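Notes to accompany the following structure.
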Amino acid sequence: MPREITYLDAITEAIAEEMRRDEKIFHLSTDAPGALLKEFGPSRVRQTPITESALTGMAIGAAGSGYRPIVDWRLVTFSFVAMDQIVNQAAKIHYMFGGQQKFPILFRTTVGGGTRRAAQHSQSPYSMFMNLAGLRQALPSTPYDVKGLTKAAIRDNNPVVMFESGRLGGLQGEVPDEDYTIPFGQADVKREGTDVTVVALAWLVHEALAAAETLAKEGISVEVIDPRSLVPMDAETIRRSVQKTGRLVVADEAGPTCSAAAEIISLATEDAATFKALQAPPARVCAFQVPIPYAPHLEDHVFPDRNRIIDGIRTVIGS
Amino acid sequence: MTVSPDMQRNMLRQMQTIRRFEEHASEGFLAGDIYGVVHCYIGEEAVAVGVCATLTREDKIISTHRGHGHCIAKGADLKRMMAELYGRETGYCKGKGGSMHIADFEIGMLGANGIVAGGISIITGAGLAAQMDGNGAVAVCFFGDGASNAGPFHESINIAASWKLPVIYVCENNLWAVNVPAENSLAVTDVAARAAGYGIPGKIVDGNDALAVYEAASEAVAHARNGGGPTLIECKTYRHRAHTERADQPDARPKAEIEAWMAKDPIDQLAAHLKGQQGQLTEDEWAAMDADVMSEVEAAIAFAKASPFPSTDSVSQDVFAD
Amino acid sequence: MPREITYLDAITEAIAEEMRRDEKIFHLSTDAPGALLKEFGPSRVRQTPITESALTGMAIGAAGSGYRPIVDWRLVTFSFVAMDQIVNQAAKIHYMFGGQQKFPILFRTTVGGGTRRAAQHSQSPYSMFMNLAGLRQALPSTPYDVKGLTKAAIRDNNPVVMFESGRLGGLQGEVPDEDYTIPFGQADVKREGTDVTVVALAWLVHEALAAAETLAKEGISVEVIDPRSLVPMDAETIRRSVQKTGRLVVADEAGPTCSAAAEIISLATEDAATFKALQAPPARVCAFQVPIPYAPHLEDHVFPDRNRIIDGIRTVIGS
Amino acid sequence: MTVSPDMQRNMLRQMQTIRRFEEHASEGFLAGDIYGVVHCYIGEEAVAVGVCATLTREDKIISTHRGHGHCIAKGADLKRMMAELYGRETGYCKGKGGSMHIADFEIGMLGANGIVAGGISIITGAGLAAQMDGNGAVAVCFFGDGASNAGPFHESINIAASWKLPVIYVCENNLWAVNVPAENSLAVTDVAARAAGYGIPGKIVDGNDALAVYEAASEAVAHARNGGGPTLIECKTYRHRAHTERADQPDARPKAEIEAWMAKDPIDQLAAHLKGQQGQLTEDEWAAMDADVMSEVEAAIAFAKASPFPSTDSVSQDVFAD
């Protein structure tokens, strides 16, 4: 029976269900999530000192000792104090040690802006993580997707970074009662269309759907693809769509430079069949390449939204 | 150490200014005129004021996410502070920073910071600059009990101690980090005990007693100015309010604990101390001082509200300096 | 009078000349460079504890207090322990504080592989830095370029990250006696050609030139462009070249995902005139997307070289 | 504390194994058969061996860039170690790690590490796992004097102390970090003094005396197994060789200092101690032991040289686990 729950509740549900199933799972964060703490108690849901670097390292050590830790860095801002452990240890340890040990770890973190908390607390740096080899990564856009991917992440035998969109925490959506997972590497076509492909991430999926709705009234048919998983990225689904529509817009809350959007454009254009099908230059509809400012109208101005997606689409279809 | 009654009155006034400023910051936040997040310093005013009273304009300080008190104590302009909270062009950061990022480099206030422990190494670098300048200036690092468990605390103090940098590390131990009690995450009761690991003086002081803070800071500042290197001062204090001003947040702290600390209010204490000295502060003078402070804060609010919002073009300015 | 000096000596010369000129410059690193230490002494060339995070923060504080610090993180590996200071402070501080203070800092760091030091010590993560707004960045490929860009970096009033190619440290090249700087944002056409544009970074510039030489014998004319500066990136020069040749290969020692190569491909393809001129899909000739292995033949297999560039060129010109 | 002569001989043999292994690692490196970088532990063998002699297979350790000694002391297979240095398929890491990245999770050796202080939080997590397992196992963290100034040291020990994790932090204070003397970067003389900041025992021990190390470690291990939490043990020791085996590197250490420490060689000391006890070790037995060790090391070299290099296809394997 599908119910409507929020994106944040879907994450909590996913973790709680998995923790019930497997007692090797435990949760570390500087401010423990209330519902989990209540159900599982302070030894499995640990409130920690403000030391994200140590927590990340400890998760690696505990994973290498038979546990399946979950670390919530909370804002992605704070992941940067843990970057050595992420880049130099978590991402490489399985490979560097010749695959002798598995390191099942879920790293949770919130990304995105819109909260008027200025430059440090409004970041979307997933492409910095995507550049690394050895970490699975996802950025879901709906309660259904985030629950399924979080469960898949917890069952995965690798370090996984789950980017949770801060803007979508309160978003309601249908989630079934039954256990399910969503495999990494499968994009989801959130809306079918024939004139232009919009690959959108997280919050921008919803903006892209709104843009598609608006443009449908003008007879422009927009296909909206949500990669959901960033590593691996489902290049096939994206390419197939662009081969059909001949046009590509990538919409993302991050700045454009060396972004996931740049990667998606490269994956599309370097593929011979897709390149051949492309009838117009692909376009990035991203945040401006600036730190995020505080004042609401400044912040809103920096981020892309449905209107900028519409503009991007109009440009690539030449209308 | 004797602090002149004039100076005490100045300190009292500053503490009251912090309080009134923040009472409004909270109101403005709840009214939706101030955005994002506001962390109030109310209850801890004696620390910023007691320490900064020992400093000159050439000395530098750095702050935390809970930064209004440090700004005001170092002499920041209330108008530009309030305008920043209101996201206006006339604000310290031209509306780009907000409450968590107010800085005034002109007066040696090197900024609030959204990263716990993020400022500790930055101010240590300012201490190095002061040492290289050789003019006797010092640098002061304010940070929380939570921050004292973080790596930058250790790395920075060790360097400052090794190099005898003129830095004073002032821990505002308000017993909590968000909803985690210090006793759960600090392996020792006293942050000051950590000084032993760096071979520097470690002092514990009643952080609600502005004069005690002043005395401890004076010694540390003199020590630093004389080339003696850093001191770690732990001020035991408490925040009266929840971690932030958001309406719906949980507060894990026991009611009785909050009340006990409210009863030790640092402003009441200093006011009482002055009042207890014949002729130093009458009830009327105190009321007048508060009224004066209030009108200063109100002028700041009016200034903020009258100031224009920055233009959207400004989002692309100041990414790089010329 | 131009002399032949090494890439590493060119960096040292640049720093020494600037330090002679401006006594506000000082150098921090965990193992001080001998020549600088000898000339300027231990108070301007400081040997520090192994705390790259603290050094980075201290540089910010000293810069905000009127100095012009240089921090050598040494291997880029070690920059990750400083990532909070880089991402959350250095990159944003000028903007976040409304431009009230300047932060002139040079961050030096060595990138690249080839030293058989395995995954941690063989990284090329510049795109992780490029994703940030607020840091100028360069990756020079010759003694001439590295000297000119290092001097420009030291005179710049912003935090600058100078990526020094470990593979090129011993490379000899001509450097004039006179003072000169190379402005950020100017690519250099290292070889002119008409059939294909190869945008190459650092060591790959030299591999691309070797590939061009080989292919010239077959009558294939290769243009080799070295962006030199990563932020800002000289998109104009790259686009102009691709508009001329109609073909683009990007060669880089980093893995492909969300890389500088992806950025360059996006800058080219999203530009209407360049897109129109492109006669074949652009290609990334990058390292495999894996951590770097230790054994020499494994490591060599992971990295692109002149042969893989030649293969890439042949693919895009369809020969 | 008495250590049986048998055990002492075992320790001596292990120390000699480390030395002979590394003498060859250096030769192999200079000959070009071993690649990248090799950091020798020679001179510090008493620390790894003295500590690991107190551990069982269930206990875990983590190492540094200078890792061969810890591997051997924890019982790693010389053949697979040597094969790893030679970059062979049969090596511990299938030729992907090299000297700086040898691990053997089966025997609780959680890896060498190219990042100074990089392993400290990882082993602290293993200590948390041991605590959660509740079977009395402990975790041991080896790290250098240089690492003791880094943030992860502070963050990890604070957590271990707060949570009473069964972790023993063993600082190998060899007085130098590459070319920087500890006295220039450590604000205190004794790393052990830092224990005061975490409310845990801090001990100083002669790191060239295997039996003294054993004794200190035994106490710390017992304390940890009994739920008493972490101990910080500082072993004063010295490396006989330069920071790495690269031929052309500068070594800033004074000759006299090197010689003084060479005279306190930990292997000579333990051998002399045994020889001094009637019937425990004759010159001949010692020579035979060394010959035996040598042939074990030679067998490892032969194994390594006879092993195939990994196929280039393997570069894409083990990026992700199944």
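Observations on the model:
Order as written gives the chain letters A, B, C and D; numbering starts at 1 within each chain.
Rule of thumb we're sticking to: a residue touches a chain if its C-beta (ideal position, glycine included) is under 8 Å from a C-beta of that chain, and two chains touch if they have at least 3 such contacts.
The shown structure was predicted, so the numbers you read here are calculated from the model rather than taken from an experiment.
Common neighbours of subunit A and subunit C (chains touching each): B, D. Most remote from subunit A, judged by the distance between CA-atom centroids, is D. If each chain is reduced to the centroid of its CA atoms, subunit A and subunit B end up 37 Å from each other.
Subunit B and subunit D have CA centres that are 45 Å apart. Subunit B and subunit C have Cα centroids separated by 41 Å.
Among all residues of subunit A, those that touch two or more other chains are 48-49, 51, 53-54, 77, 81, 84, 88, 95-96, 118-120, 133-134, 289-291, 293. The residues of subunit B that reach two or more other chains are 93, 95-97, 101, 113-115, 149-152, 155, 158-159, 162, 184-186, 319, listed in rising order. Taken as a graph of touching chains, this assembly is fully connected, with contact between every pair of chains. Of all the residues in subunit C, the ones that touch subunit A in their complex are 77, 80-81, 83-84, 86-88, 91-92, 95-96, 118-120, 123, 125, 127-128, 130-134, 231, 233, 254-263, 265-266, 269-272, 274-275, 278, 280-284, 289-291, 293.
Contact residues on subunit D toward subunit B in their complex (touch as defined above): 149-155, 157-159, 161-162, 184-188, 193-200. Remark: subunit D residues 60, 62, 91-97, 101, 103-106, 110-111, 113-115, 118-130, 132-133, 139, 151-152, 155-156, 158-159, 162, 317-322 touch subunit A in the complex. In the complex of the two chains, the subunit A residues touching subunit B come out as 30-31, 34, 47-51, 53-54, 77-78, 81, 115-121, 288-291, 293-298, 301-302. Against subunit B, the residues of subunit C that register as touching in their complex are 26, 43, 48-49, 51, 53-67, 69, 84-85, 88-89, 93-103, 133-134, 136, 157-158.
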